[in-house]
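In structure tokens below, several structures.
Note that chain A is present in both complexes that follow, paired respectively with chain B and with chain C.
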Partner chain A sequence: LREGEVSKMAGADGDDSLYPIAVLIDELRNEDVQLRLNSIKKLSTIALALGVERTRTELLPFLTDTIYDEDEVLLALAEQLGNFTMLVGGPEYVHCLLPPLESLATVEETVVRDKAVESLRKISQEHSPVDLEVHFEPLVKRLASGDWFTSRTSACGLFSVCYPRVSSTVKAEIRQHFRTLCSDDTPMVRRAAASKLGEFAKVLELEYVKSDIISLFTALASDEQDSVRLLAVEACVSIATLLPQEDLETLVMPTLRQAAEDKSWRVRYMVADKFSELQKAVGPEITKNDLVPAFQNLLKDCEAEVRAAAANKVKEFCENLPEDNREQIIMTHILPCVKELVSDTNQHVKSALASVIMGLSTILGKDNTIEHLLPLFLAQLKDECPEVRLNIISNLDCVNEVIGIRQLSQSLLPAIVELAEDAKWRVRLAIIEYMPLLAGQLGVEFFDEKLNTLCMAWLIDHVYAIREAATCNLMKLVEKFGAEWAQNTIVPKVLGMANDPNYLHRMTTLFCINALSKACGQEITTKQMLPVVLKMSNDQVANVRFNVAKSLQKIGPILDSNALQTEVKPVLEKLASDTDMDVKYFAQEAISVLALA
Partner chain B sequence: MAGVAGGNDFQWCFSQVKGAIDEDVAEADIISTVEFNYSGELLATGDKGGRVVIFQHEQESKNRPHLRGEYNVYSTFQSHEPEFDYLKSLEIEEKINKIRWLPQQNAAHFLLSTNDKTIKLWKISERDKRAEGYNLKDEDGRLRDPFRITSLRVCLAVPQTCLILSMTLCDNFSKIDCCTFQVPVLMPMDLMVEASPRRIFANAHTYHINSISVNSDHETYLSADDLRINLWHLEITDRSFNIVDIKPANMEELTEVITAAECHPHQCNVFVYSSSKGTIRLCDMRAAALCDRHSKFFEEPEDPSSRSFFSEIISSISDVKFSHSGRYMMTRDYLSVKVWDLNMENRPVETYQVHEYLRSKLCSLYENDCIFDKFECCWNGSDSAIMTGSYNNFFRMFDRNTRRDITLEASRESSKPRATLKPRKVSTGGKRKKDEISVDSLDFNKKILHTAWHPKDNVIAVAATNNLYIFQDKIN
Partner chain C sequence: MSAISASEKVDGFTRKSMRKAQKQRKSQGSSQYRTHTAPVELSPLPQLKDAPSTEQQELFTQKLQQCCMLFDFLDSVTDLKSKEIKRATLNELVDYVSTNRGVLVEPAYPEITNMICTNIFRVLPPSDNPDFDPEEDEPTLEAAWPHIQLVYEFLLRFLENPDFQPSIAKRYIDQKFVLQLLELFDSEDPRERDFLKTILHRIYGKFLGLRAFIRKQINNIFLRFIYETEHFNGVAELLEILGSIINGFALPLKAEHKQFLMKVLIPLHTAKGLALFHAQLAYCVVQFLEKDPTLTEPVIRGLLKFWPKTCSQKEVMFLGEIEEILDVIEPTQFKKIQEPLFKQISKCVTNPHFQVAERALYFWNNEYILSLIEENIDKILPIMFGSLYRISKEHWNPTIVALVYNVLKTLMEMNCTLFDELTSSYKADRQRKRKKTSIISSMADNISACNNECEFRGSRHLVLIIIIIWTFMLF
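== the complex of A and B ==
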């Protein structure tokens, strides 16, 4: 027994014993899922130890039959097998990996199936053309004609990888299989086929794209289930890219027009969501004649989800319009719809629009922006929904480039103040994050005059997250406006809080010092901040005292060694013998980090 | 398919009864839902104790050729446990409110089961192989002879470095004799059926879930509680979409609740929900993301002459079911079953009285709370007949073509193999004929709320308190 223990210990130590591999193999079937998972993740180690022969003849058959395991184990297995070619003896033997992956491609868990298909696609490239026809393609056929829809859905993802590398007879068979799956009884399979239609079209010869793919596309796009129809929209993008311009009108456009007016909002949503891709795929002429009116309709759709998706695309769509009459199209066709959306009943629509509308100013130029867009920005800045206002404020930089921010500043200020005092702390947090950006664009004067008070008020907010963000905000402002500005405007106020009766505010002083010291530089830190920190070491609240220790640790590297030795060291030593154990702990930590011991 | 009864075609006969015979019924054993799967090969029941029992149709046995296959227990598992919501100080019962099978997608079977709050997706799968052969221990778990392990070590000491290195050294490696490793092999074993929870859809319902229904798109399902309907993706548990919300801003203005909801069997965008006011709303999910506005509203005008204090209570719909064809739907209220054509909203095309003789007893049924019983109803495989339950362990069947109806009883007395079920009659007039039962002697504690009809054959499952009766047709 003793010898056994010795060898076990040796194994555990990971010396030159292969004991760990024996453990790994045994744990392939441990009752604990985590251990099985570990073993599967080290499958390459096991295979390496067994050698290629035994991996092929023993390990793989065992794995093929283990397909009842937990999803996470199967997922790991499916992934491992995609990198197993060398471990079974190289490309010559890669087909040995097909049986376990075939089983994995039929399990009910989508993530596992998808991973198995991904690995199959990967190893298909390692098959020789002969092996591809002898081993791989029959597997695809078996899956495609399987009894359960799980296997048929998996087949959909494999056609495109073998098609380019097989003989023309086999190609014809593959096309036939794909056709069959496109009209499968179960919507799951039709969905899988629809989602792979574009990819399959890409590997087909153009004549077959025109003859086969178009009819499948048309059929799927008018499927009775809207969940299938909406996937055809995606395929539309790839198919349109493949076809010559002159064929688009007859082969693709009727279906696309139909999808844009589909009865189901989900299909129209999909069209709106893919609009930029569609626009690029069909080219400028069709865009002008067809997509502009379609886009107008989507912006006016009766379903808010569709309007929101379309609103999100306004900027991209306008940007990609043909340049020769872009401005005219926007002004006469798009802008009227956009104006309506500004006062939409649904706040998601308004905030989607607010997140892109500023981008239009660069496209339309200064005069149009002032005349047409500015009123919209101002209206949105007064919107009742804070998200809309935030989205406008967060994109101010686009307008700034075109007309300068001064145009907006009069309306901006009330909007910012209102957001800054919003009852929801997440809204306050969001506006704080835009402060450095705003400050940069509005300039130091405007900032001092109007916004500085706000920034200081946040420091005493009753929500910690806001105080923390406010601290960070100050640091960014100092980085922007410089140390001198900090010394005059911020530092006195921050240091004043050190005498606040509320200990939370006193701690905020320390947090600010932590954040600001680096940006303010050695002089301000040593002369103004350090005395305050040192004084606070006598605070009656232990939390303040240990934060003093932490602050000293933080600002220590900025101070010169004289100050460290003569001022910081005695205070830290005093704190290190504090009655409170946390204060002691952090003081000692600071002493050792600053090497003052 | 032949008619329900009476005619020359066939008679119903007893096949099996499941559950304890004791008069003493444990609360937990009361069956709360019954459901055949799509092929009829499996039959699931849920009970108040949170358990799900699945029965499997056995192939016809050769030595008893006269008997068609029986349903035997295939798998039993605890689907839900009693819970306590500490935030609301509410007990959550483990009772299974509904079971719905998913269309079969591979060799395993899947079902959704729900209690008042939480929906679970279960996988029921078979295993008939187990792995054998350990390196470090015997089959019975004892550590192997340590010398063997040491020899392993000696034998394999050389290639350890290769392991940490890369696969390029693979060739060297394969030359080393590693045969001391044992790779497990799979050996046949007795069939084991496992039920494992795959997904838990929780925290989406404030009120009690009364219905779940799997959509024909095979990827979504809906769940309904008293005031809201949510749409789920079967693979996503952390969010669902609220598609119907009838909760008024002020709860004092509440006048109706959702009582049941179901997806259309073929059109993935259509679903219906019934209300406590006796109306049914059909919604089209294509029209808008929120289905607060219905596309069709089915309501029968009330007959003013029969109006009473109880009108509203007894018109409340307790169940709604689409026909397999998708053309019709059936609703059950307290006294009747109605069949509606989806194309006609102003009145049902067929109305069947289930137990009209109770109309005069509503007062006492109100007092003993029976008037709030939620009877369910079901279609046969070809939509030509419907079945629903009543009191005294009676259940009713209606043939839609011949308009014949029949009352049958699920009872231990007639539970002899292949015994034909005798039609029962409740006397309604003054004089009671032979074989008739008077309304006053009906046992209102024996109620049949849950029944299921095999999707293809004339096999029915009837839940009577803690017993499950299975009847089938007897071909003459």
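== the complex of A and C ==
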């Protein structure tokens, strides 16, 4: 594609439909990165216009030459080429895409390289088995023996996609290349190989998993760099899944035990982080004998990072223990560690634990929960760190299922009441959100006695989000307990606030009315609420007055037409001629919405 | 893991105060990994100087072994007595190897290295603060420093002892030793990195067999820093060592060294925390160019490729580095690179950030650069003229405007005729542009009028193309 192509193409046969394409092609060479980028992103359009033949013979060689460009452009190019199979003429010609992608897979920038590998993996599927051996596999080999580490790291991601579909001689070569890369003297390459070890193991025949992969796994897991060792832990999950149970003990467990005791906290962290997967992969027997003590150690690790990662897994680990002696293992081995974590020095550890600890109650049942877990919940509810308290509150429901709300409320209520006045508003918010559930289970009587005052107190909180949530909470309570209850307990208190000296509280009355009117029904709204709203139209604060207009608009549909015409209309008309611009605006809006004009 | 939890960040108000509180608390970390056995109480040994010379060696070994006991410094109340004994012993050992001759007998080497390895080689603890900003935040200091410092001191004295024999020591100070030493450069504690720097430098000087290995490992650390983690605390220290290593490279430079320059040092410029090690990095680059001037062109092209797009602070650093390079550039090399380079500089002088513009304009205060510009004024003036002329009228900052006037004056004096030509063509150009915009807008009206008349899409395109061609012919 030479310069001047533009005019030639646009000029030919007066076919000006090619004109935009010509512009795009010229822009591939533009000095401005943004233009080049735009053009690359429309590469499929260009290819479509050129046709498969010219795409193969002209566009692709041109693109292969432009590889020296800004990384941003290269990234877009790498992505585009992954979807190019049809544009070069289908699977038969897909190997034409390999040269540009091969160059892209060797560039320095990781993002570009990864994208190129992703595209290569994608188009590898579109190669016929013959093409895979003739074109794709040689490319993988070239990359695997490249001078600079970038091409070798890219190669690591390509073995597993071609392995299943090539002949056994080629397979042997691929295994050899992978072996070489696992002991590459550049740690970047070893890391890449280690991170693909699990994936590669999955496509290998079992005999080679045992003969090849295990030795590579063992070597990588004792690499001198902890960044390599920790990747072997990930591979451990896939490898253990592939092997028959009887081989695990000899082939995998020594390495796993060593990883759980590694001197680097990063490796131990990885073990903790992958613990549930590891547990599932090695099965119940090994879990009982090996993983339980290992897990105990991780929960007691000297680095907070590791303890937090392990604490996060407490529930999942316990859930997946073999049922026959699950309870006994938890009670004698895990729970003592958990008890210590409750008073850990690091707040992240405590907060990780708080997010899962409630889940233990379902596993341990009612009696154990009351006896052993409740004291821990209570301790965490009173923790100095708000995140810990919050995590406990937001998981109350799972305990509720086990011990029943009454038991829960008796033991936890004092703590909940305390938290309702917590200094952190997010904690208060979490408590409010839990109220309707609590109320529904406690019943009216209990609620009135213990929690009603709290719910009303939130209405005058100094944080708007809390007042808003409190309003919404009232609505949900009325939906649960009915209009009569509302009339007796809530409405008088809400309406009383209309005379509060603080205008924010007076506005809260209006917000509550907005929320409650529908649930309370026409009678209460007309008889009790409306007079208060109308009276507030004389408020000296403009914000209150325009909220009166908004409230009237909201409750209007619930009122009967008589009240609308005789009571609401005059007030809105008066507000519509208010001195304040906003009051006027909202009054007029209400008039038109309620069709009172 | 951050000491500021997510829930506290949300309020928006607490964060700053929390950070402050965090800063005030001197944070200390340590990472001596679970000492499997609880420390045994140490009992003081007799002083080395009081021992008869026949027993000194034996006592020296005993003391080295005693110092292998590790203590928990995060707990400031336990083992106080033993900690003090170890401190005193280490002090004595430092003194012993630095003042006495003939103490480094062969059997002492494994004991010495074992004591050093046991004490200093450890996995660094997780950072207290994952958003650790080395420019802003106080580093976490090594809690065990009272002991570790003395061990480093001892290692240094050991290496510097006139009796020190690399041929014996190389059995213990091997690749594995160096690898562990290099990992420690990631320490947040600047005191530790400073010791490491001197020590690694000594090792590089004394162990010829380890040199290539050390360079290679530093290479790997940098590549990992650039492309994988973006985090490594000791980049500046390693670069400082490299600066003097590069200085000693033999000529002609090996391919390996050139590759290091182009594939490691230049990409290092892209790092987020460039400010922390830019001085050392620029020094290394300039060292390379002084060794081999033919590298100038690829280096400058590399810098231009990675030229910062949004970070003005980094742009100022790049300009500083360019000036350092220009200070040593050969005129023939300058000619090869002047056009792309001055295109970039001309962008910099128009930068709305006055520090960037100012830094670029300061080039004109440099006598050598001035002489290079003068020699090539016919190439450079056309590149620079438009930008300079424009900002002399438009830049918001009066200092920049004053600087630009001086630069324009200097350039005018270099080639008066060319300057006049450019001035008149610039003015004509601007007038033409103004006319062009008015014509185009009137043409746009024409087109829309055409559009209304033409019914066929194809002919509309044709009209459009004709108008565009016509426009080009016009100008």
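Simple rule for what comes next: the second predicted complex is superposed on the first by the 388 of 597 C-alpha atoms of A that agree within 3 Å, B and C clash if a C-alpha of one lies under 4 Å from a C-alpha of the other, contacts with A are read in each partner's own complex, and residues count from 1 in each chain.
The criterion applied here is as follows: a residue touches a chain if its C-beta (ideal position, glycine included) is under 8 Å from a C-beta of that chain, and two chains touch if they have at least 3 such contacts.
Please read all numbers here as calculations on a predicted model, not as lab measurements.
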item	value
Chain B versus chain C as contact partner of A:S351, first or second or both or neither	second
Partner chain in contact with A:M188 - chain B first, chain C second, else both or neither	both
First, second, both or neither for A:E305, with chain B first and chain C second	both
Partner chain(s) touched by A:L216 [first = chain B, second = chain C, both, neither]	neither
Touching partner for A:S264 - first (chain B), second (chain C), both, neither	both
When both partners are placed on the shared chain, which of chain B and chain C touches more of chain A	B
Which of chain B and chain C A:D65 touches, first, second, both or neither	first
Touching partner for A:R426 - first (chain B), second (chain C), both, neither	second
Which superposed partner A:V107 touches (first chain B, second chain C, both, neither)	first
First (chain B), second (chain C), both or neither touched by A:C318	neither
Intersection of the chain A residues that touch chain B with those that touch chain C	10, 16, 19, 108, 110, 148-149, 186-188, 191, 224, 226-227, 263-266, 302-305
Chain C - residues contacting chain A, complex	1, 3, 5-8, 10-11, 31, 33-34, 123, 125-126, 176, 179, 216, 220, 223-224, 227-228, 263, 267, 305, 458, 461-462, 465
Chain A partner contacts - residues on chain B that touch it in the complex	103-108, 110, 123, 125, 127, 129, 131, 134-137, 143, 146-147, 149-150, 152-153, 155-157, 159-163, 167, 170, 173-174, 176, 178-179, 181-186, 216-219, 235, 266-269, 285-289
Residues of chain A defined as touching chain C within the complex	10, 14, 16, 19, 70, 108-110, 148-149, 185-188, 191, 224, 226-227, 263-266, 302-305, 308, 346-348, 351, 385-387, 390, 424-426
Touch list for chain A against partner chain B, complex	1, 3-5, 7-8, 10-11, 16-19, 21-23, 25-26, 28-29, 44-45, 48-54, 58-59, 62, 65-66, 68, 86-87, 106-108, 110, 148-151, 186-188, 191, 224-227, 262-266, 302-305
